[in-house]
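A, B, C, D, E and F label the chains in the order they appear, each numbered from 1.
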Amino acid sequence: MAAVPLIEYPDAPPRVRAVYDDIMATRKVDRVNNFWKAIANDPGTLERTWQSIKQVMGPGALDPLTKELIYIAVSATNGCEYCIASHTGAARKKGMTDEMFGELLAVIGMANETNALAAGYRVEVD
Amino acid sequence: MAAVPLIEYPDAPPRVRAVYDDIMATRKVDRVNNFWKAIANDPGTLERTWQSIKQVMGPGALDPLTKELIYIAVSATNGCEYCIASHTGAARKKGMTDEMFGELLAVIGMANETNALAAGYRVEVD
Amino acid sequence: MAAVPLIEYPDAPPRVRAVYDDIMATRKVDRVNNFWKAIANDPGTLERTWQSIKQVMGPGALDPLTKELIYIAVSATNGCEYCIASHTGAARKKGMTDEMFGELLAVIGMANETNALAAGYRVEVD
Amino acid sequence: MAAVPLIEYPDAPPRVRAVYDDIMATRKVDRVNNFWKAIANDPGTLERTWQSIKQVMGPGALDPLTKELIYIAVSATNGCEYCIASHTGAARKKGMTDEMFGELLAVIGMANETNALAAGYRVEVD
Amino acid sequence: MAAVPLIEYPDAPPRVRAVYDDIMATRKVDRVNNFWKAIANDPGTLERTWQSIKQVMGPGALDPLTKELIYIAVSATNGCEYCIASHTGAARKKGMTDEMFGELLAVIGMANETNALAAGYRVEVD
Amino acid sequence: MAAVPLIEYPDAPPRVRAVYDDIMATRKVDRVNNFWKAIANDPGTLERTWQSIKQVMGPGALDPLTKELIYIAVSATNGCEYCIASHTGAARKKGMTDEMFGELLAVIGMANETNALAAGYRVEVD
């Protein structure tokens, strides 16, 4: 059970609805995920987080799929099940194949291994 | 100070030299980093880790630069200074621009933020 | 399923019952949480952990509610669902409002974001 | 050495100077910390992060000192030395005494201990 | 629900079956765990990970039970429920008693506590 | 620079000296480490932490060297440089050989890798 009630569209105040509308329009979907419905309990955080995500995850010097892969790498390292699930879904929509997913996780695994080795051996920056 | 003496090439046993030679040949460089010189204290781990890194970080469904970005994402999340430094250097060699680095870190930052929000709100997978 | 059977009061040895009694008396509740029933499998850890928690979480230079907020911050960062759930409940009992919870999570989120940025940019202490 | 050159005020473009000016005015100080000078390499992240920090860390249902304590709790859990140092300084400026700092760390320590116990015993939410 | 379908033995290609056969023969069991069935979606990672685990977890200067305890310590610190569950089971098969499990978790808990204290107090290596 | 002044023996109040004396007597050494000198700023935490460490790290169902290995596993996973350094030293005093250290880190590395794989593939407990 979530720590807070999820705010559904019909029950949402105008300020929250405006964000939901922008999420759906930007992503070309007709619903918003539980993450947004949860943080909508704090409309300021909802607005700020959505504006940031929209700005950060959009196209730029890195393409949106690459950004999703980076997101998954952080989420798997933190063990955030919700985030892994939702961003794996998002990455697939943006073109991530099974082969790419397999390689992504292989890199994530190796990086976590060598991070621990570098820490344990206390290797100095060269 | 590292936890172990770094094994320099002239002092390395043949088994370790063979790995060093392969690292330098594969990466087209004339030295190996401290990380390898540290784990060379355990030649089995050196061989296994290098073979895995060589296989995982090479070209595939994901290109080598994308893999370096993923590596940095894991390393920044874990706070592994050595790994961040060495893989930032590797990524730059493979073409990472300042703009890409800035966007990479922006995504890493947002992912760590939303991971904590999803955990704190205990959002359920939808 | 937990890794160990939960030790219920009627089945608990006197040493464990004494801790359960003190938990219930201190907290003015009539049951103990699963956490205590689990670590009761190791009575030494139960006694030591309860004594420490009782000493650390009580009133002092920081008030008990502030201490609960700090607890939640650690737990959300570690992604410990059990701990987030139980300490969110404890904080609410001690007066945490919806607004406070929203601000707490906003700070936790920003701190995790900027921690990752500071690590990734390798910013030196000034 | 940081991953990027620090952007000093005289060398900063107008967009960055505007943020620096707002940081100094808001905090009533005459310099900005290395963190801001580092992320100023990516002006979009500088602007976004400062706006978010300014909004999140200001007074609200939680007072600014409590927010600094929460920040330190996240930073100590993540082992982010830069963030611990800068926010410990900020908390002291806002009134954190030695006693409060001692209790803060005692709570952070206990929370990390019990998080690991709850994970290891796989305690279920009750 | 896992991120990928689990590859069951009858549906597995020869390359995957060979690994499954080796896992079952090495561990003297007649089934493989979900972990292997999941990563079998990427046969290269399956082969590499199994070869590494087989080499690393076998007897050496440290006995296999001690290695399982170390594995649990990492997994509890990372909050990886699957890994805690499977390696707790493996450790019990190799002789871990209730007393040993209790002491293991007590050490894991204390280490996580003192890690946070050392970070928060920014103690320098002596 | 540490967050607090280190409390040296000649400057320590009796309550702190008593703990220092017990640390030196228990460990048969003639000085205490920086960790204790730092947390001595909060005598209650010093007493509580030392009593817990003394109880938890002593001989029991697990021998003291095995406990040090577990401590290092947690510390390397958390990237706590101070803790890795001090407990690697302690483990060597208790008999950890180079071979054991190499195997310890190999297990720590693999566990961190497979933790990330299990999280990323969202493998369910079986």
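Here is the rule we go by: a contact is a pair of C-beta atoms (placed from the backbone, for glycine too) under 8 Å apart; a residue touches a chain by one contact, two chains touch by 3 or more.
If you're wondering where the values come from, they're calculated on a predicted model, not measured in any experiment.
Contact with both chain D and chain E is made by A, B, C, F. Averaging Cα atoms per chain gives one point for each, and the point farthest from that of chain F is the centre of A. As for how the two copies chain A and chain F face one another, over half of their interface residue numbers coincide. Ranked by separation of Cα centres from chain E, the top chain is D. One inter-chain figure worth recording: chain D and chain F are separated by 27 Å, centre to centre, where each centre is the mean of the chain's CA atoms.
Taking the mean of the C-alpha atoms as each chain's centre, chain A and chain D sit 22 Å apart.
Counting only residues that touch two or more partner chains, chain F has 3-4, 39, 41, 44-45, 48-49, 52, 56, 74, 77-81, 84-85, 99, 102-106, 108-117, 119-122. Chain contacts here are complete: no pair of chains fails to touch. By the touch rule above, chain B contacts chain E in their complex via residues 44, 48, 52, 55-56.
Taken together, the chain C residues at the contact with chain E in this complex read 3-4, 39, 41-42, 44-45, 48-49, 74, 78-80. Of all residues in chain D, those touching chain C in their complex are 1-4, 33-35, 38-39, 41, 45, 49, 52-53, 56-57, 60-62, 66-67, 69-71, 73-75, 77-78, 80-83, 85-86, 97, 99-100, 102-104, 106-108, 110-115, 117-126. Across the complex, chain D meets chain E through its residues 72, 76-77, 79, 81, 84-85, 104-105, 108-117, 119-122. If you check the complex, the residues on chain A that touch chain E are 79, 84-85, 88, 98-99, 101-103, 105-106, 109, 116.
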